[in-house]
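Heads up, there are several structures right after this.
Common to both upcoming complexes is subunit A, partnered first by subunit B, then by subunit C.
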Partner chain A sequence: MFGYEFYVDPSRCIGCQSCINACAECETHRGTPMIHVDFLDRRNTIATVPFVCMHCEDPTCAKVCPADAIKRTEDGVVQSSLKPRCIACSNCVLACPFGIPKMMTELEQMMKCDMCYDRTSEGKRPMCATVCPSQALAYVPSQQIERSRREKPTNVFFFGNQRVTTKVFMMIPPERDALSVDVVDYMWEENA
Partner chain B sequence: MAKPPLPIETLIERYGPHLNYVPPGGWRDESRRPADKLVKTHCCFCGQQCGIQLKVRNNQVIGFEPWEEFPFNRGMLCPKGVKRYLQNNHPDRLLDPLLRTDTGFRTATWDEALNFTARRLREIQERYGKDAVAIYGGASLTTEKSYLLGKFARVALGTRHIDYNGRLCMVSAGTAYKLAFGVDRSPLPWSDIPKAQVLLVAGSNVAECSPITTEYVWECRDHGGKLIVIDPRMTPITRNADLYLPVRPGMDVVLLMGLLHVILREHLEDREFIEKYTSGFEQVAEAVRQYDPRRAADLTGVPPESIEKAAHWFGEAERAIALHARGIEHQSKGVENCSAIINLCLATGNIGREGAGCSMITGQGNGQGGREHGQKCDQLPGQRQIDDPAARAHVAKVWGISPEEIPQAGLSAQEIMNAIHAGQIKALFSMCFNPMVSLPNSDFTREALDKLEFFGVVDFFLSETAHHADVVLAGSLQEEDEGVVANVEGRVIHIQKAVNPPGNARVDWEIYCDLARRLGKEKFFPYHSSREIFDELREASRGGHADYYGITYEKIDRQLGVFWPCPSLDHPGTPRLFEDLKSMHADGKFRFVLTPYRESGDPVNQEFPVYLTTGRVVSQYLSGTQTRRIGALVDQYPQPRIEIHPRLAEQHGIKDGDWVTITTRRTEITLRAMVVRTIRPDTVFIPYHWSGPRSANKLTHRTLDPRSKIPEFKVSACQIRKAESPPLWANDDMVNKT
Partner chain C sequence: MKLFRRLRTDPVWKDEFSIDRADEHYVSRRQFTKFLVLTSLGMFVGNMWILARSWFSKEPVYPEKSICRATDIPIGGVRLFRYPTQKDACILIRTEDGNFVAYTQKCTHLSCAVYYAREKNRLECPCHEGYFSIKDGSVLQGPPPRPLPRVVLERRGDELVAVGMRIHESI
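What follows is the complex of A and B.
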């Protein structure tokens, strides 16, 4: 949908799994959810994190695919593997820095979130972001997010030396520009 | 004697709960064919009443589509809302009336079942008197049905005993709001929540019990608002709390008085507001003087610094909102807890303005509308008091009877069960209520039901309570009838009929009208549609506080809801109450109410040293009659677990996943442990949605708040120990799954 972007804000997530249930209602894969909600460490916290596919600009999953089965649409959506090409090798599952693709062994195919391509192409918002009661998953115009949220969006991530830019935005504290999950990125190294 | 005709296991095998995972026709084929129509209606579950579009084909609900134009939820839904359509076409659905025989239930014709019901009700009333029959209703019913039940009890049967499961919901708040404001409704629309500078949430697991409200809370924070959470458990909204006050169960009123103490000590109160618009302030100010932060801390287990900080934030804010729910209401001093919240708002002048005020988060689907028009034991339509002569005269005129014919107030829900147990009430006719799961001390409830000389039930699934019935009349699901409900805000909305009841199941109001005819009261129940009942309700409510006269189905559709009071057809409705700074009391004043502390009805002591508190999970609704039948929801949280802090768990050698036996002064049950740091170490928590040996309500006690008559679900005393062996049900696949 023109002008709309997808935003993930883990700090809003309440772990209700509405997104998982709604994802399973999507017509292209009805009955099978393509989304993850992680309870980080239930013993110590109620914090949870939802994950949709981040739809990378240069998708690692596609780069490691030996069968060239993973395609990115013109508008930046990285799709599930093409059934005739996919050899179910799980390279993509192992390589994705966000841990998104799932190997559907019964279908012999990798499937993952395609940002509800069937819905967005008809002017409907993705199922998960429409129903999400906390709007931890939001699909809204970018001006709206900038105007209304306390956190700010980024789509640049560092995994060690790999810089990943994505179509989906992650909400991060306002004082940060990008998100890194590696201690190395916070270190000072003489010959770096 | 209304005992189950077969072992419970056999009844479960036959009537469920079984799990429905897929829409009619399965996931891949049938369900992909397009729907005949999309019906804009509302979720059948909680008091949020989210707008949703049901996909319908061939008189079956086959899926859903979000309804983004409906302003309250704008397409948002919790997992229950997403999967609610799977209750339709469920294999457990009752398609015919059932009569109990010595060998189980058998199907019957409607004539046979209704004649039998009417005959038994008549026989018992002739033998023992009118009041030997009691009626149970429920707060998930449409307002039309709630109204009809009240009229059925008082006009068709002439019994004074009618009450409903809303008695287990927000009645403490209702009583407190009536005391302070003269009316029982949320004073503010939810669009006010993001406007507050400080949001105090007391005893409300917002994220799991009213999930859509989460977005309003987060919006408030986005705008710079501060969030204060009062709860013995860190529930999911606590992850973003600016201040978390882990109150000891049952001590809320002390904590709230501690806050008011600091506000008054620091002169943060709104003197002008207090003097001009309120009464009773001085007594309350005097009463909170003894609860300085240190004393309050000793009693509540909340640090004095946190009490100081919360009081400063609340008192210094220009706009503050306090939200509360069952945590503070399900107590033998539930009314005092709610009054203490209101006192805080009145003292700081937070009422009748945008972004300022207090509100109960009503829990049940029609928790608000279901309590306004006559299925409460002491009320007549329009939220009128049944002992008010003017109210009786008005309603009697609408009903076409004399005021003397309207019985006086009857017993409340738990009191009715007590009277059944004591042999004073001999017959019960119940709809939309599953007391075997939802009333406290379920062994007591079972004994009481067993004693009934006649027990009739209207339901769509055979609930654990209906196991005891002599007759079960196959009624309708929410999507099978038209009507209105009022959501958490007091917004009256329109439930559309999406499909017809399947098989020989019938629309509920027709069942009651047919019964009234068999009781010789046909002329008082001449309805041909829900709309006719609604039109009569509009007249009956006219001039009352909950005035629906100006509301029509068409106006609701046009405005996407109408807030009551709405006294005339050209009136737009009233989203925010008290904007003129006048209460609905005769003198127009807001009343401060004293909130003395009392001990719980089931106090902790050396023998029972641990607090037990009960509540909900996001994937289940109330007693689970519907949601324990939906596969994905059951999979999400299949079994009740007891939440224990590691410190307490270690004392008893309990590890995560161990079986733990919890014993109260009633009985004991055994559940698996969930060892988490998100609960006070002196407290354990069990969600209550399950029946039989997994029922938290086997453990709870029947102490009631003396005014609201709500049971004290949130405070019991227990002891825990590592179980010697798993419970029997652990090996039973059927029970284990549902």
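What follows is the complex of A and C.
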């Protein structure tokens, strides 16, 4: 949108939680952050990673929604659930390969990042990207990211045999082309 | 719902419950254009059909029917009869100057029966106070949209014969 793309660089995240607070300040969902900052391996490291919605080109969350509550706009942004339609069934929560949708049980509604659609649709940057001090969340033109970063952006992910392409880019080591995720590798119960 | 469904192998529900927000709106620009074109085409064909019907329709043939003897009705008198079928009530009036006129009795507004008001010399509908002229059946006042259809009379000796109807004689 407007020549800007969203880039997520987990290696830059310092866990300051500015993005969470900035997100919660947004008027459209005041008090409820739609971004998550998770610890990667709490026992061994303090490394954190921010999770915004990746806005898949073929959004699984929208496809599994039985109430037709999740919609994708013309510019490829997958919106949060529509309040009149969401039946709080958590299908999307289970289906999303990135684990983005969260069920707000007190609201009986799924809420997820919509890339600050009220802002980005008119050319402003998302709240989280404006406050991120280390620019782990960056909303910049692609030329700028190529110029200023060592890592390479990718929007292709492999979950086993499933190929997922997204609107949001993830910064990965320059020698890699796509990010391959085998979920079993990250199930710490298996390794313990 | 789309006016023209794309030829796809996907099931129908994927089209009707699309994940794209643009498909939510019933009227996209293209659908609206299609709607306009098809509606205009339908209107055009309908009008052509009406035109063709009016061109090829024949003048209806009315039967001849004897009503009564002219001497039976005094001046200012009235006789009810049925013409052209038994279901069509008509009214025959002998006016003050001795002529005979006949009209259908059905008011052109809501089909109430009109009667002859002799003191005003006009036909009156009691339902909504629609008045018709005795001369040609034209509307004098009230809600009726059209004049009363007139029964064409012919005098054969002493006998009055209805020979036809004249609809929309004057507007």
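The definition used in the following text is that the second predicted complex is superposed on the first by the 181 of 192 C-alpha atoms of A that agree within 3 Å, B and C clash if a C-alpha of one lies under 4 Å from a C-alpha of the other, contacts with A are read in each partner's own complex, and residues count from 1 in each chain.
Convention: a residue touches a chain if its C-beta (ideal position, glycine included) is under 8 Å from a C-beta of that chain, and two chains touch if they have at least 3 such contacts.
Just so it is clear, the model here is predicted, and its values are computed rather than measured.
Taken together through their common subunit A, the two structures put subunit B and subunit C side by side without a clash. Of the two partner chains, subunit B is the only one touched by A:R125; subunit C is not. In the superposed model, A:K167 lies in contact with neither subunit B nor subunit C. Aligning the two complexes via chain A yields an angle of 130° at the C-alpha centre of subunit A, spanning the centres of subunit B and subunit C, rounded to a multiple of 10. More residues of subunit A lie in contact with B than with the other chain of the pair subunit B and subunit C. After overlaying the two complexes on the shared chain, residue contacts for A:R149 are found with subunit B alone; subunit C is out of touch. Residue contacts after overlaying the shared chain place A:K102 against neither subunit B nor subunit C. Of the two partner chains, subunit C is the only one that A:I70 touches; subunit B does not reach it. In the superposition on chain A, A:H36 contacts neither subunit B nor subunit C. Between subunit B and subunit C the least C-alpha distance in the superposed model amounts to 26 Å. Under the contact criterion defined above, no residue of subunit A touches both subunit B in one complex and subunit C in the other. Every residue of subunit A that touches subunit B in the complex is listed here, in rising order: 11-12, 14-18, 20-22, 24-25, 27, 30-31, 42-48, 125, 127, 130-135, 148-150. The part of subunit C that touches subunit A in the complex is made up of residues 17, 19-22, 24.
By the touch criterion stated above, subunit A contacts subunit C in their complex at residues 59, 62-63, 68, 70-74, 79. Looking at the complex, you find that subunit B touches subunit A at residues 22, 27-28, 31-32, 63-64, 66, 68, 73, 75-79, 81-83, 207-208, 211-212, 214-215, 218-219, 221-222, 224, 234-240, 618-619, 632, 636, 646, 656, 674-678.
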